[in-house]
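Notes for the one structure printed next.
Every chain is named by a letter (A, B and C) in the order it is written, and numbering of its residues begins at 1.
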Amino acid sequence: MDYTKYRIKAEKEVREVISNINNLCIIWCKKCFSEFKEEPADECGKVVEVARELNIEIIECRGIDFLCNNHLTGKVLKNFKDNIPLAVISCGIGIQFVSNFFNGNRKVLALADSLPQSGNATSIVGYHGIALGEEKCAACGQCYLEKTGGICPVVSCAKSLLNGPCGGANKDGKCEVNKELPCAWIEIYKRLEKQKKLMDKNIDIRNYNIFSVEEKVRYVKNNQERRKEGFYGGLYPLEKKELTETIPLKIFDPPDVFSVFLSQHTGRPAKLIVKAGDRVKKGQKIGEPDGFISSAVHSPVSGKVIAIEERIHPVSRIPQVAITIENDGTEILDGSVESLTDWDKLPKERLIEILKEKGIVGLGGAMFPSSVKLCPPKPVDTLIVNGCECEPYLNADNRLIIEHPEEILKGIEIVRYLLEVSNIIFAIEDNKKEAIEVIRRCSENYPALKLETPRTKYPQGAERMLIKRTTGRDVPEGGLPFDVGCVVFNVGTLYSIYRAIYEGMPVIERPVTVAGENAIAAGNYIIRIGTHFSDILDTCFGIKSLPSQYELRMGGPMMGVLQKDVNSSVIKGTTGLLLLEKYPVGVSEENTCIRCGRCVDACPMELIPYYYAYYGQKCLWNEMVKYKVKNCIECGCCQYICSSKIDLISLIKKGKRNADNKT
Amino acid sequence: MLITKLKEREEILSVLNSKNVFIFKCFGCKEVYLPEGEIDLLLTELKCMERMARVDYLCREEFTVKYLGKYADVLKKADKIVVFSCGVGVQVVAKCIPETPVIPGCDTHYINGFQGLTTQDVDCEMCGQCWLNLTGGICPITSCSKSLLNGPCGGANKDGKCEVNKDMDCGWVLIYKRLKLLGEEEILKRHSVNIRDYKLIINGDKKE
Amino acid sequence: MNFEEKLKSGKFVITSEIGPPKGTNIMPHIEEAEHIKDKVDAFNVTDLQSSVMRLGSLATSHLLIEKGLEPVFQMTCRDRNRLALQSDLLSAAVLGIRNVLILTGDHTVLGDHPDAKPVFDLDSISLLKVVSDLMKGKDMAGNELDGVPYFFPGAVVSPGYEPQELQIIKMEKKIEAGAKFFQTQAVYDLVAFEKFMEKASKFGVPVLGGIVLLKSAGMAKFMNENVAGVNVPERYIKMMAEADKKDRPKVSIQIAAELIKGMKNLCSGIHIMPLGWEKYVPDVLDASGF
């Protein structure tokens, strides 16, 4: 089925329109709502031919994905050579958008007619639904479907009759206007018979005075504002914060056995420095950083190393080395755990070295070693404290802010000392009223700290989006926050920096939100690193294994990684553990893209994700790279919004991995 | 673009108050604005949330069928199904369960054509004969309340606002100004009479 | 001489207007028209003016012909599609109606049936073209007519409309499409009207200046604010405001007469729209010297 919205004008008209000009730029829309079987065909061939015949020089000819996407198309249009007539091949929206963009400063030619989408004269235009089905809605504003057994008389009857058939149908019950179509009223009659319902006896008359300009303007404005609010794209998923937002942080009882992965951070896994049989103390280093981008890991408990074995890693989902430790219940601290109150007397390099030793990594989920961030290669003027927690369900950071604001502020002090920044922005999304209040109160005697409370939008907690939202700065493509003078620290990380310095405690535990529809003890827990998921499921859900109709996610529902093995364990990047009911319709890598354009609309990195579906399915990794798959931050917006439920994130990950392997 | 609005409260209450009702609610989409919050409030108030399934893209039959399968047991017992979605969603559910009456919970309103996938403030009514070459890229069909093709009706007020709605600019005044900017006023003077071909709409349903 | 011949002869013509009632009680309106038939050359019969449902202009025009009066049959595009419009034109022709005035028509939402479906299948210009084609023996689809009608088609123009150029362009298109005469929106500003006529007279098609009797200062202000292209000068508003209620018709007649006298040398005739004050039309004409 092809729901393309335009076709090129007849050659005669094209000829007329482009006569009397010397040169021409052409842009054509790559169309929407067409099953994505191949790269969209070049639509301007016919125009180029005619132009050549008329000796018109074609300066530029370019296909654009979703011409009606004003944000992305605007960037392209800016670069078109001045004063050359621009021919547009698209539906009426694209042509009008381009005309308005140049607002009379440039000749814009329409070379296509939009295609009417309705088969009905009276209703003028119908809507076919996002799914390209057969049913249409004429959007008459007065739904009759109840009376007509769910078959719309406005759309399905050629005359849009509301009170019964016209009598024009032939003996086979076909419509007088088109013999291929059944008479809608006969269909309605049959359907009602099945439901043992009588035809409605009321006389219906349509009210045509329903369209309201105000409403339309409000709606369009609202939609545009939401898309551009703070940063381009993004989503507003159901927040579901209410499940755990008022539950205070609680210590999760240390289980009997832990498994601590050596890879708990971006970069090389830590080097193993213990062996099976060793006794370890709580906070003792058991893995040494291996290189500049690496971090240390520590024993979360006092006990005995009982095995060094491979387990399914919760992020990579492939077997990786973990140290299994049996808890002896004594909680004896390692000697290295000692507080350091006069930290500001130490040279900065030493302080950063200590933080690296204490295994500090970004606890927001990315697990990037903080020591690297603290040695920026470029001057940095702004520290952004990330308290957004934009993922639905999660409240761990939220609770941390509410319960430990002073500690976080002390962590900020340490980072400020190290980076020598003048601006500190504390960003909390506006759905966390209590946390905002707490920080507002604390910041009263902290003038350098500016509290920002942007409206909730996903993925605002991602570095780039947060920088754009709070400072207006655009991190360049392929660049890092340093490039625009910013460093972003998650509140959890700052709290762990505080503890590492003031208490000497390395990262051996972290706040985790545990939630889900069937939880018996949902909440926000301080959970030791290495705690098995099975222990958490047992305590919080009362189950030992994964029920088939549920899925377990580490992290939030958007970016969280699906867990297959409950013997996997909590790592430093475990922000949450969610047990959610599976949707009857799950995502699949094989589903076909229908080019609805939603992913383009939602991608905060301004990418065109549907190409990843297309090329990913064909294993054309280089093509994915061409469409900037490496810029993808895997926020999951495209997959969430995908109307075909394509498992875009898996395809993207594959693409990145395979492209890396090749180069 | 479409907007769905809840039907009159009494009308919905009369249906939802009966016992064996099952409810489907679409997520809504950018093409169709769905007042989810309002629906949820009402359903909570009537204690109907347990009898409700929230379905992403109800209009997609292959997905909807799977949801219907999941709720097969309750649906068998239901003597009515209420659907909160645009008219497409209601029709898809009705088609999949033809033996049970399906009742729309919303009215779907058409708002002046298609606004593009990204909700532009321009509208395309998909008339099948693009006039934009003659009008400086401003659509006379959607920007004029009467969809006039040959110039203004004369009903605009002194500020160039439409007689139908004072918040709306007269499309033809806008067209005139745009053509002036382009230096193409002579297009207006070309004495061709434009008449719409409505047959395009009847046959425009991709039959070719 | 009929209306068309009078215009062609260069006589200064006068038209007035009948607004059919909501209901069947048309006779008082016809009688009022008969009163002044010696002074008025033709009577416009409005087509559901202001989008309010009323007795139709086709039947009323026919009744006028029966009484020996000459109607100008007004047709809007609001309520009929192209089939009905063409058919009604043919009906008009067989009922002896020659003069038709083609308008786009007010939008349905402004009238008393705002729920109605607005048609606007054609607009004033395309309908004028249809009239011309019918006169050539062809319908819109190009089919031959069995019996060809004759019409004297006219159109409207609004001299005070801004941007004026757009109005002039449209006027020109209407002429191209077949308009043989124009009646204008109410004129109150003679200076502006003169400027408009400088441009309009170039087309060589007769223009009848519109006169609407002011009923009160409030009406004048309302029109200034709400009616497109109407601009009542302060001076007239003041005159109306200062007059006693019983003297208002007198002042109004005086203003109308002043305007008509001023128009005599500018255009080909006048078109009086009494809007319920039909009884004062003779006085207006007397005061203007007719």
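Rule of thumb we're sticking to: a residue touches a chain if its C-beta (ideal position, glycine included) is under 8 Å from a C-beta of that chain, and two chains touch if they have at least 3 such contacts.
The structure presented is a predicted model; accordingly, all values stated were derived computationally and were not measured.
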Closest chain to global C-alpha mean, per-chain Cα centroids: B
Taking each chain's C-alpha mean as its centre, the one farthest from subunit A: C
Pair joined by more contacting C-beta pairs (A-B or A-C): A-B
Gap in Å, rounded to a whole number, between the CA centres of subunit C and subunit B: 39
Inter-centroid spacing, subunit B versus subunit A (mean Cα positions, whole Å): 27
Geometric centre distance via CA averages, subunit C-subunit A, whole Å: 62
Residue numbers of subunit B (touch at least two other chains): 177, 198
Shared-contact residues (touching 2 or more other chains) in subunit C: 109, 118
Multi-partner residues of subunit A (at least 2 other chains): none
Residues of subunit C that touch subunit A when the two form their complex: 108-109, 114-118
In the complex, subunit B residues that touch subunit A: 1-3, 5, 7, 29-33, 56-57, 59-61, 63, 66-67, 69-70, 86-95, 98-104, 106-130, 132-133, 136-139, 142, 165, 167-168, 177-178, 180-182, 184, 198, 200-202, 204-206
Sites on subunit A touched by subunit B in the complex: 1-3, 5, 9, 17, 32, 66, 68-71, 91-100, 103-105, 107-110, 112-121, 124-125, 127-131, 133, 135-143, 145-146, 149-152, 155, 158, 177, 191, 194-195, 197, 210-211, 213-217, 219-221, 223-224, 227, 583-585, 596-598, 600-601, 643, 645
Subunit C partner contacts - residues on subunit B that touch it in the complex: 145-158, 160, 163-164, 172-173, 176-177, 185, 188-189, 191, 193-196, 198
Subunit C - residues contacting subunit B, complex: 104-107, 109-110, 118, 120-126, 129, 140, 156-158, 161-163, 165-167, 169-170, 172-173, 176-177, 185, 225-229
